[in-house]
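Okay, so here's the structure we're looking at.
Chain naming follows the written order as A, B, C, D and E, and within any one chain the residues start at number 1.
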Amino acid sequence: MAVIGDTLAARAPAAVFAAIGPGRQAGTERLFARRDMRRASTPRDASILLVAGDIPSEASEALARVHDQIPPPRATVQWQGEDPDRIVARVMETLKDLRVSATGEENRLPDAPPNEWKGIGPHGQGGKGMMGGTPYGRPMAMTGPDIRDGLQLDRYSARIGPFAPMLPPGLTLEVTLQGDVICDVSIDSPPFAQPADADAPDLCLARVLRLLGLDRAADRVLGGKRPGALWVQGAISRGLGRIDGTDMRDRVAAWRKGEAAPLGPFDLPRLLIGAEWSEAMLILASLPPSALIRAARAPEAA
Amino acid sequence: MTVLLLVLAVCATLLAGVVLAALLDRALPELAGTLSRQRIETEAPDRMNRDLAPAFYLALAAVGLSVVPFAPGLALIDSPVGVVIWGTCEALTIIVVFLHGWSPNAPFPLIGAYRYAAIGLPVMLPSMFVLIAAALPAESLSLVAIVDSQREVWNVLRQPLGLPLFLVVALTLTLRGPMDFADAADIAGGTSAEDSGAGRALWQVARLAMLVSVSAVAATVFLGGPLGPVLPGPVWLWLKTAALMAVLVWLGNRVARTTPSRMLTILWVVLLPLSCADLVISGVVAL
Amino acid sequence: MTLTIVLLGAAALIGIGLYGALSQQSFVMLMMGLELMLNGALLAVIGFWSLSLGGMPEGQLLAIIVMAVMAVEMAIGFALVVAVYRKRQADMTESIGTLKG
Amino acid sequence: MTDLWVALLSLFAVWTGWRVFRVDSMVRASFSLMLSFIAVGAIGVLLSAPYIGVATVFMMAVEMMVMAIFMVMFMMNPAGLNPMVMVHQHRLSIGAGVVAALSLGAAVLFSRPPEDAVRAEADVVAELGHELLGPSMLIFETAGVTLLATMVGAVILSSRQGRFGAADEGSRPPGLSDGGAPAGRQPEGGGGHHHHHHHGGHG
Amino acid sequence: MVTFAVILGWTALAVLFAIALSPSATASAPQAMPFLGGGSAETHAWQRFHFRPYTMSLLFIAFEMEMMFMYPWAVVFVSEGIKALAEMGMFLAILSVGILYGWREGIFRWQ
C-alpha cells in the first residue's frame, strides 16, 4: 500500500505555490499551463514555494508567512528567468529530495501569537466578558454600518495580498467585508510592475477563465487553442466592471478574438466598493495588468 | 447472507468508483501527494467539526449508495421511502459542507460555507421535484419500485427534463465546476483553503465518493439502473454510473461558473419552474 | 413498554425545551427552546401513532402538522428578529450594553 | 432489541437537547438540536413510521441549517470563543422545566394508553396520501394558505425594500440637536446609519 | 430495522475511518494564521456573518414544507387520478404566489 502511494505521489504534478515578483507575471502564468506543474490556490495544498523574480523588501514578511503556511516537508525554489524547462526540472528534483529527506525547510517567522492570550482572563483563553479581550490571540469583529441593506452586522477587516492567487501579484488590499460584500477597500500597495507581455490577450483571457472555474480551458488558451468552454460570456453579468462604456463582457469578447482591450484611467476602489467578493475578483481579472497598475498607483502619485 | 453480499457490493462500488473518479479528474497522484504532507492546525479551530465533516460526507455517500438497487428488487436499504432517504442525504450534505467551511475559523472557508448554504438550499427544490416526478409512475417512493417502473421505457425518455436538472443537483452535491460555490477559485479554494495533509485528502476522497453515489442514484432513477439486456444487473448499473460520472466530470470542466447571486436567481426563476414543468409532464404521462 | 420509554423521552425533551424557552435571554435561543418542545411533541405523536392508535393516518398527518408549525414558527420568528434588529440593532430581550465585557 | 435502541435513541435525543443550551458555539447548538431531531426521526423509523421518521430528519436538517445561519448572524460571540452564559430567571426556568418533565413523566407512568400497534404489513405512506387527498383535504389546502401567509409575512418583515421604501427609513428617532446623533439607546459600534446609498440593479 | 442498522453502521465506520486517518495537527502561530495571500487580519474570522440572501432562506423553509405533503401524494397519485392532480395543482399554485411575490421584492439575490 505504501509503495503504491509513493509511486503515485512521484507521478503527481508538482503542487507549487507561486509568489510572483516584478516582471515575472507572464512567465509564471505560462509556466503553469504545463501538465507537470500545478498552481496551488493555497499554500496549504503545496509543497514547493516558487519565488519568481526579486521580491521587494516590503513584501518579505508576507513571503515568509506564506512560506511558513506551506505544510512541511517544504522547499523554496528561486526563479530568475531561466528557461522554463530547467526550472521545472529543478522543481521536480527538489520534490524528489523532499520525499527522501522528509524534513524540508524550517519556519522563518518566530512562533509568537498576534496577542498574548495564554492564561489571561477568567477562563484562561485571553477573553474578557462576552466579546472583549483577545481570545486565542485575536479580538472579535465588531458591528458597523452596512452599505447595502442596513443590517449592522460584524465587519471583518483584513489585508489581503501581495501573494493572493486571485489578486494580481503584489497588489495588497485593505478590505472591510460584511458577509462577502466589500464595504470598504483601500490599496495598501500597488501591484508589482510588469512589462507589456503580461497584457497579452491569451493571458488575460486565461486569468478570467481560471476564476470561472475553467482551469483546463485556460491551459488550452495558453497553448494557443480555443478554450472549448460553455457559457463563458453568459456567466459574466452585464455591466460588471464598466469603465468608459466597456464592461467585462466586452473586454472578454475582445480577448477571445485575440485583441487587446486598452483602458483609460479609472478609480479602482470605487469600482470595488459595494461589489460581492466574487464580482470584485472578476472585475480585477478583467483589467489588463498595465491599466490596473496605473490605476493603483494613481492615489499614491496624487 | 444477501445483506452481507450487498454490503460488499456497496463497498466495492464505492472504492472502484472513487478510483475511477480520481482517474477522470486526473487527481489520483495528487491525492497520494497530499497524503504525504503534514496537517496544519488553524487558529482556534472547531476541531470536532473539522474532523467529523469529511467523515460524515463519506458516510452520506455510502448511505446514498445503499438505497440503490444492484439488481432488480435487490437493494441494501430496501426502504419504502428510498427517495426520501436520498433527499435527506442531500440536505445533510449542505450541513457537512457548511461545517467544513465553518470549522477552520478563516475568512475564505467561511465565505465558501455561506455561499454553499445559499446555493445548496434552493438546489434541493429541483432535486426533490424531479425525484418525486420519477416516483409518480412507480406509485412508490422506493428506488426498487422506480426501477421496476422503467421496464418498458426509461424515465429519461418519459421525463426528458428530469436528468438534466438532476445533473445540476449532482454538480452541486459534489462541489464541481459551475456549481462549485464552496471551493471556488476566487476564494482560494474556499472551504478547503485551510485543509492540508490527510484531512485534505479525506475531504477530496469524500467528494469523489459522493460523485459515485449521486451518479448511481441518477442512473437508477433516470436510466433504469440495473435493467438491461444480456449483461447481469450490477454490470449495467456500474456502466451507467460510470457514464454519468464521466458526463459530470466533463460538465464540471467545461461550463463556466457565474456569481452566486446570479445563480441564486437562476435557481428560483429558471430551474424551479422547469422542475415544476417536469412534474406536470410526468404526472400527465403517468395518468 | 416501548411506548412508556418513548413518552418519558418526550416528557424530558419538553422539560428541557421549557427550561430553554424561559431562561434564554436571546430571542433566537428562545426559539431553540420552542423547537425542542415541539420535538418532544413530535416524539409523543410518533409513539402514540405507532403503538397506541393502530397506525391511523390522522396520526401521521398530525406529525406533519407539528413540523409545519415548526417551519412557520421559524420563518416568522427569524423575520421578526431581522425586523427588530434592523430597527433597534439589538436582538437581546434585555439591554445589550450591560453585557459587553 | 427495538426497546433497547429506542431507549438509547431517546437518551441521545435528550442529551443532545440538553447540550443545545450548554455549548458556547451557536453552530454547535443548532446542530446539536438537529442531532436531537435525528434521534427522534430514527425512533420513528424503528417504530414503523418510515416516512415520518426520515422526513423529520430531512426537514430538520434544512431548518437547522437556516437556524444556524440566523443564530450566527444575530448572536454575540457566535463561535463561543469566550465561554458565556446568557440566561435570566435561571432557577425559575430550571424549576419549571423539571416540574413539567416530572409531571408529564408521572402522567405517562400512571396512565394506561390502549395498546394497538400499527400492523406490520400496512402501507403507511399510501394511507397518508389517501388521507391527504380524501378526508383531510381541507387541512392540506389550509396548510398551503398558511405557508403562503408565512412566506409573504417573512418577506415583508425581513426584506428591506418594499412597496413603501426602505423598511428602516424613518425608524430612527430624531436627533437631540440639529443633525446630531439620534436620541435613545445607541447600538454598539455607533450610529452610522446615515448613508443609505443603495446598491441594486443586477440579478 | 435494516435501514437503521445500515445507516448507523456507515456513520460509525466513516467516523472510525476519519479518526484513524487524521493525525493530530500542529502549527506555529504564523503558520496557523488564516491564509490571506501573505496578508493578515486583525480579528477572528468567526463573526456575526452577514448572510446576504437571508430573506430567501426564510421563504425557502416555508416553501420546502410542501415536500412533506408531496411525497405521500406521489405514492397515491396514479390511484387517485385527476383529483390528485387538481389538488396538488391548487396547493402549488397557492405557494407559487409566495415565490412570485418574493421575486418581485427582489429577494432571490444578495441583499
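Following the convention adopted for this analysis, a contact is a pair of C-beta atoms (placed from the backbone, for glycine too) under 8 Å apart; a residue touches a chain by one contact, two chains touch by 3 or more.
Here's who's who by UniProt: B = NADH dehydrogenase subunit H; C = NADH-quinone oxidoreductase subunit K; D = NADH-quinone oxidoreductase subunit J; E = NADH-quinone oxidoreductase subunit.
If you're wondering where the values come from, they're calculated on a predicted model, not measured in any experiment.
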List every chain that touches both chain A and chain E.
B, C, D
Identity of the chain that, by mean CA position, is farthest from chain A
C
Using the touch rule stated at the top, which two chains are linked by the largest number of C-beta contacts?
C-D
In terms of CA centres, which chain lies closest to the overall middle?
E
Can you compute the centre-to-centre distance for chain C and chain D, using the mean CA position of each chain? Integer Å is fine.
6
Indicate the whole-number Å distance between the mean C-alpha point of chain B and the mean C-alpha point of chain D.
27
Separation of chain B from chain E, taking each centre as the mean of its C-alpha atoms, in whole Å
14
Note: chain D residues in touch with at least two other chains are 2, 50-51, 55, 58-59, 62-63, 66, 69-70, 73-76, 79, 81-82, 86, 125, 128, 130, 132, 143, 147, 150-151, 154-155, 158, 160, 168, 187-188, 202-203
Return the residues of chain B touching two or more other chains; collapse runs of consecutive numbers into ranges.
38-40, 43-44, 79, 81, 84-85, 87, 102, 105, 107, 114, 117, 121, 124, 141, 188, 193-194, 196-197, 260-262, 264-265
Taking each residue of chain E in turn, which ones touch at least two of the other chains?
3, 31, 33, 35-37, 41, 44-52, 54-55, 57-65, 67-69, 71, 74-77, 99, 102, 108-111
What chain pairs are in touch here?
A-B, A-C, A-D, A-E, B-D, B-E, C-D, C-E, D-E
Inside the complex, what are the residues of chain D that reach chain C?
2-3, 6-7, 10-11, 13-14, 17-18, 20-21, 29-30, 33, 36-37, 40, 43-44, 47-49, 51-53, 55-56, 59-60, 63, 66-67, 70-71, 74-76, 82, 86-90, 92-94, 96-98, 100-102, 104-105, 107-109, 113-119, 122, 124, 127-128, 130-132, 136, 139, 143, 146-147, 150-151, 153-158, 160, 167-168, 171, 185, 187-188
In the complex, chain A residues that touch chain D
121, 123, 125, 127-133, 135-136, 140, 142-145, 147-150, 152-153, 237, 239-240, 274
In the complex, go through chain D and note every residue touching chain A.
73, 76-77, 81-84, 86, 160, 166, 168, 187-190, 192-193, 195-199, 201-202
Touching chain A in the complex: which residues of chain E?
28-31, 33, 35-52, 110-111
Mind pulling up the chain C residues that touch chain E in the complex?
64, 67-68, 71-72, 74-75, 78-79, 82
